[in-house]
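Both complexes below contain chain A, partnered by chain B and then by chain C.
On to the complex of A and B.
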């Protein structure tokens, strides 16, 4: 039957795996989310200069399996003088790969903001930088929270691939336990549960963010006295 | 010729440049690819003048306003705002595109109101008005809100200050958009069909605000299909067709004794539509 004692005995390996998966995914997703935004903003601000390179980058990410990218970074890196720890290769791989997807998500968000809103801003003398940070990004964020959450979840699940380049993540350590104890079900089920918990956390975070970014209720900013000379 | 150094900052009072046009376009042309949308347009707006631009759909009215505001770069000719060339700079005898910041500085006296309002939906009515006051003029939140409330009062919407655009009617949205433009103290306002996207019963409230502005001496260029409004408020009406100005003059003259056949046709079509 299900052997809980076994999990208790191997808890250190499982926790170490959990910790590695969490920090590598966290940093990888951070790179993906921020590099993606930079790529999308570059493409948006100067399509002539950056449109093509960014589009190529996006296609490259979509056309290459994450595992191949990880192999290139970890095993191919040294031949061009790039010596990365397996963990750092994992962060870099997840980050670069995710950035391509995030760039597309952001672009979709930016594109759905009517151009006229930016023309209105320009006519008021609002700089392109302020238009980006105060008008485009806040609206875009709202639109991209659901697809962004989804993408983060996918990245966390795909992060299991870093076990193949010898990172001691959840998946690799579960396999280690299996090999040591010849019990297959317990370690993998425990690990599945832990992945699911991380993902549930991200999903909840996404919902909370979605709610927070929705329009606040109308505020009653009219103070007594100020409206005394209201227009008749 | 406008003098090269006739520099007027947006803070100059309107009367200092009396007699000089605020907006002057000379021989402007604009094509979209093969399609010539504006050809050889001359256009002047004197201080406190209200000019309505009329014409059939596709005649280039919006493009004219957009070129005068440099939202669309013109290909030929020159546009001067307060005597300063808009959108280009002369450098070593060559004309080059001006930097964005230079364009912003030259068109600072221009306020624009669009057919579809283009309010920012994630900002309240008041925040729509105060945004530029804070970002561009550097006002504190307090000062910007006081100024913003004053503008909303001017368009009769003070009590809607905390509402988001989605909970405002079309007429209210357009009035907020007018307040937003007014907050930057423009010396001239461009309106591109400000009432065309509105339900008929909401047109009046927007036209009333515009009438009040005209009454207060605001210089305005208005693209409109509201002939009644044009007849009452305009000092001059400009009729465009196929990218050219066909006729221009006081509304009485233009509406009563149109000289060109195209204007006669245009007015007849309009009458048929509005009398049945």
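On to the complex of A and C.
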């Protein structure tokens, strides 16, 4: 039934696909995470100037499919002199698309820190810089890790679309094997398992990070509703 | 871009209609199966919960493009010939069922257990409790995440163009290759997707405002 020998024979294609998926996703996610931070910082630092453009960018990412963006970059780019390799178009597409979502995640993290904390910090004479690095960022980090992990997982799954603009990623190479060997189940299931492994790794990583950030919380800081626990 | 929209609007609208039909059928079927799966996931019996969990794991944990290819190529292998559009609706349904079940599961978890206990006490059967008490509230509670899921499915439906369903993306590809204006064409497609999704978000926000009256509070 399930032909393992077939997978062994085609291992080179599968490994090549795995490598391409991994590095393209890694770079794409890196762009998404950093560009998203820049967008969120712009929006928060001067809402009047950047609020509207960033909000539009976010809506654009949420409202259009990644596939359209990839086609725009790869097929539409050349007509304005933008010649990208399929791989680079993939990284750019995933990065630009993910940045819109990450900008919202960062913003949500900052917004959910009660204003009273900052007012209290100012009252106590804590400088804005210290308030940012010691009060806002540590709490925000903890808040954004779960949705951030989720978003990375979504981006890895959406990265399968780069196979449509001819990148030899896991999905494309699986289809190549299907077409060469006329076996459907083995290549696709093997590749599905590999995606699932990557995703599981990210999920575990996010969970570990979440735990570490929670433990790093200073002892004397007592969050609302946790007082009984902290003193017990 | 405007030129493309003006010159090719009949085919573009046709493509958009197919996109909407496919996505909304999948969403509607997913509502039913997703709710059933959610009840399966919260079942008292382990032998029900376990397979439901496995199903959810697979369909949420693998790329939807891969799922589409698997369904599309696998069905003929086992002797079932289906049109590409059927395979597309089937895949999107199987996928969204898993995501919607998770949405409903968290919705069910938010309903105070006291209500269900009270229904039991009042002699209302388990099925009637689900249908009359749990489900109406779950729909209201889960409207925002449900809207996100509808938008996600609409966006994901663009990839069924790879199995030659002539929806919006496929139509755009055809126009792009005929007019040699890929940039303008795909921008037009982006605008159409964006317009539909923004409209959906608006409708959902409106519904949410209207339905918040009479919501169960803890």
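Structural remarks
Note that the second predicted complex is superposed on the first by the 198 of 232 C-alpha atoms of A that agree within 3 Å, B and C clash if a C-alpha of one lies under 4 Å from a C-alpha of the other, contacts with A are read in each partner's own complex, and residues count from 1 in each chain.
Throughout what follows, contacts are C-beta pairs under 8 Å (C-beta built on N, C-alpha and C of every residue); 3 or more make two chains touch, one makes a residue touch a chain.
Because the structure is predicted, anything quoted here is derived from the model rather than measured.
Considering which of chain B and chain C touches more of chain A, the answer is C. When the two complexes are overlaid on their common chain A, residue A:64 makes contact with chain C while staying clear of chain B.
Contacts of A:123 after superposition: chain B is touched, whereas chain C is not reached. In the superposition on chain A, no contact is made by A:26 with either chain B or chain C. When the shared chain is aligned, chain B comes close enough to touch A:138, but chain C does not. When both complexes are overlaid on chain A, the residue A:50 reaches neither chain B nor chain C.
Look at A:72: by the touch rule set out above, it reaches chain C but stays clear of chain B.
Of the two partner chains placed by the overlay, only chain C lies in contact with A:174; chain B stays clear of it. Chain A contributes residues 59-60, 62-69, 71-72, 75-80, 157-161, 163-164, 171, 174-175, 178, 184-185, 188-189, 191-192, 195-196, 199-200 to its touches with chain C in the complex. Here chain A touches chain B in the complex through residues 114, 116-117, 119-128, 130, 134-135, 138-139, 142, 215, 218-222, 226-227, 229-231, going by the rule given at the top. Residues of chain B touching chain A in their complex: 69, 71, 100-101, 104, 107-108, 110-112, 114, 116, 118-122, 124, 126, 131-132, 135-136, 145-146, 149, 153-156, 158-159, 161-164, 166-167, 177, 180-181, 184. Of all residues in chain C, those touching chain A in their complex are 58, 61-66, 69-70, 73-74, 77, 151, 155-156, 158-159, 161-162, 169, 172-173, 176, 181-187, 189-190, 193-194, 197-198.
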